[in-house]
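Chains here go by letter, A, B, C and D, matching the order in which they are written, and residues are numbered from 1 within each.
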Amino acid sequence: MIDLVLLVAVAVLLVNAAAGILRALVGPSAADRLLAIQLLATTGIAVLLLLAEATHQPAARLVALVLAILAAAAALAFVRRLWWRLGPGEEGGP
Amino acid sequence: MTSALLYAGAGVVLFAVALLALFLRRHLLRKLMAANIAGSGVFLFLLGTAADGDAPPDPVPQAMVLTGIVVTVSVTAYGVALLRRFADETGRDTLTEDGGGP
Amino acid sequence: MIVLEGLAALLVAVGVAFFIAGTVGLLRFPDLFSRLHALVKADNLGMGFIAAGLALLAEDAGTVLVIVAVWVLALLASVMVSHLVAHAAVREGMQPWRKKR
Amino acid sequence: MMLLIDGAVAVGLVWMALRALNARRLTEAVIVFIGFTGVMALAWVRLRAPDLALAEAAVGAGVLVVVLLDGLGRLAHLLGGRTPLRAAAVVLLPLLSLALVAVLLRALGDLPSAATGLGPRVFAALEQSGVENPVTAVLLNFRGFDTLLEVFVLLGAAVAVALLRPLDRALPRGAGPITAGPPQTPMADWYRRRLLPVALLVAVYLLWAGGSAPGGAFQAGSLLAGVLALGLLTGTPLAGRPAAAWAAAAIGPVAFVLAALLFAVGGHGVLQYPPGWAKAAILGLESLLTVSIAAALTLLVIGIPRRRRP
């Protein structure tokens, strides 16, 4: 029973993340798009914790741990390596 | 239809989509990402077909995919370095066929 | 046992509600700074509730330790992300949104 | 319920791939691609392959993110051009791609069941392998040769990247590839100093647990490399000591070859561990491989300095 509750929570979180990501990708700035990754990381960690309990896979918690340790890498790389190089309106390309 | 087959099917679609993009996209970073996604598609196909009900999938394909993930990331990093050097030398980020310039 | 499971389900539900609130904030707020605030604060509070609920269900102390570690690390990472992005945004000259008069 | 979640994940994967390949803005494409690797980790967990989920999460959220965003940053001055495509390609290639999907999906229906794989033989021989995690057993015992070649691929990639270093007009090391950027904040410093020990602890745990539970050298090594990349981004003066990094990158493959030769000379086959020694040999080799994988991936992240404009 409780497993079903956890799985429903997983499904709701996934839909929720999809909605948020669609919005974040609209922008307008590149940093807004970065928020999509942050949202996905937070949701992913929560979903992994839930799945670990609901599907009896303790290793999924370790995956969540690894994601949590590296969660700031994307923002750090973005801020220090990319953003300050992108001029306004210069982030396109086919 | 089981979950594993669902992922194997998704792997097929990913592979085809990425292969198409590998041909159609001009920007080299996009080509690299396309190659990566095609690889992920192959991995999903391998594991999706190796899964057996609720038991953990066959360890041999798992080991192959694990090797594949590490090789993919090293090739991607090399590709990015090559692309960067190419861009430094030529000032371009695409390969144009007919000397079309930047 | 059933009480514990009920409490865990309740905590997880509250956590999911906070996640939804965070996404509503992301959809509705007018600028980067306020969207950061919705995303980072609401989602991590939600994750705290979910982690608390799951910790109630855990069988041994090691599992609880991992769950708590995941939450603390995710919290720290979110703090870093919002700090870095907001800091860089201010330096890039991005203006916070103000209500039009 | 499970099928619903799996359907959502599968649709999400395809959608993110399409978006990564077709988004008009390249930054958006790269960001979606990074998200794609995260969702792949979820898919691995659902396929009950936690070893792969760990590797994908460690590589995708760490090394790959930094490599791609850094690469994009280097190309930022070029972004914006568009080249038209030939009409024939736009019409013909999607049709071929569709045909490929149809053929492969048809083949998927015809595949024999998984019970015909090598899995049963692996589980039958697991007792003698010295470890309890079947994936680790395949990687370091039954198919140790493949893993040996793989770590050489990794080392080779690091060497190949280093060879791309421009000989003339390279910027001096201080202007180095990864530490450039706007001034760092004290908070990032604080974070890095607390994160590194935690990551080290988790990496050692993954390595140690890899014998009996999901984890192992690749997962631990790529996690360490990811955190080192994170450290480099906040200004660890690590890039200043290339000789040590190269030594660390080489030690694992060299030890692997030496072990293989030693066992061969000792009367066993190449990479066949003497009875009773398997566990110790695997753990020792894995520890050195972890160091090497972390070092090689970090060297890949550091990359090459930029060529000065003539």
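Here are a few things to note about the model shown:
We take it that a contact is a pair of C-beta atoms (placed from the backbone, for glycine too) under 8 Å apart; a residue touches a chain by one contact, two chains touch by 3 or more.
Owing to the predicted nature of the structure, the values given are computational and were not obtained by experimental measurement.
More C-beta pairs touch across the B-D interface than across any other pair of chains.
Most remote from chain D, judged by the distance between CA-atom centroids, is C. As a whole-number value, the distance joining the C-alpha centres of chain B and chain C reads 32 Å. Note on chain placement: the centre of chain B and the centre of chain D lie 13 Å apart, centres being C-alpha means.
For the pair chain A and chain B, the distance between mean C-alpha positions equals 21 Å. Shown for chain C are the residues in touch with two or more other chains, namely 69, 73, 76, 80, 84, 87-88, 91. Residue positions of chain D touching 2 or more other chains: 2, 26, 46, 48, 51, 70, 72, 78-79, 81, 83, 182, 188, 191, 195, 198. For chain B, the set of residues that touch two or more other chains comprises 25-27, 30, 93. The touching residues of chain C, when paired with chain A in their complex, are 5, 8-9, 12-13, 15-16, 19-20, 22-23, 26-27, 32, 35-36, 39-40, 43-44, 46-47, 50-51, 54, 57-58, 63, 66-67, 69-71, 73-74, 76-78, 80-81, 84-85, 87-89, 91-92, 94. By the touch rule above, chain D contacts chain C in their complex via residues 182, 185, 187-188, 191, 194-195, 198.
Against chain C, in their complex, chain A makes its touches with residues 1-2, 5-6, 9, 12-13, 16-17, 19-20, 23-24, 29, 31-32, 34-35, 38-39, 41-43, 45-46, 49-50, 52-53, 58, 61-62, 64-65, 68-69, 71-72, 75-76, 78-79, 83-84. If you check the complex, the residues on chain B that touch chain D are 1, 3-10, 12-21, 23-27, 29-30, 33-34, 36-37, 40, 43-45, 47-52, 54-63, 65-67, 69-71, 73-78, 80-85, 87-89, 91-94, 96, 100, 102. Those residues of chain A lying in contact with chain D across their complex are 4, 7-8, 10-11, 14-15, 18, 21, 25, 30, 33-34, 36-37, 40-41, 44, 47-48, 51, 55, 57-60, 62-63, 65-67, 69-74, 76-82, 84-87, 90-94.
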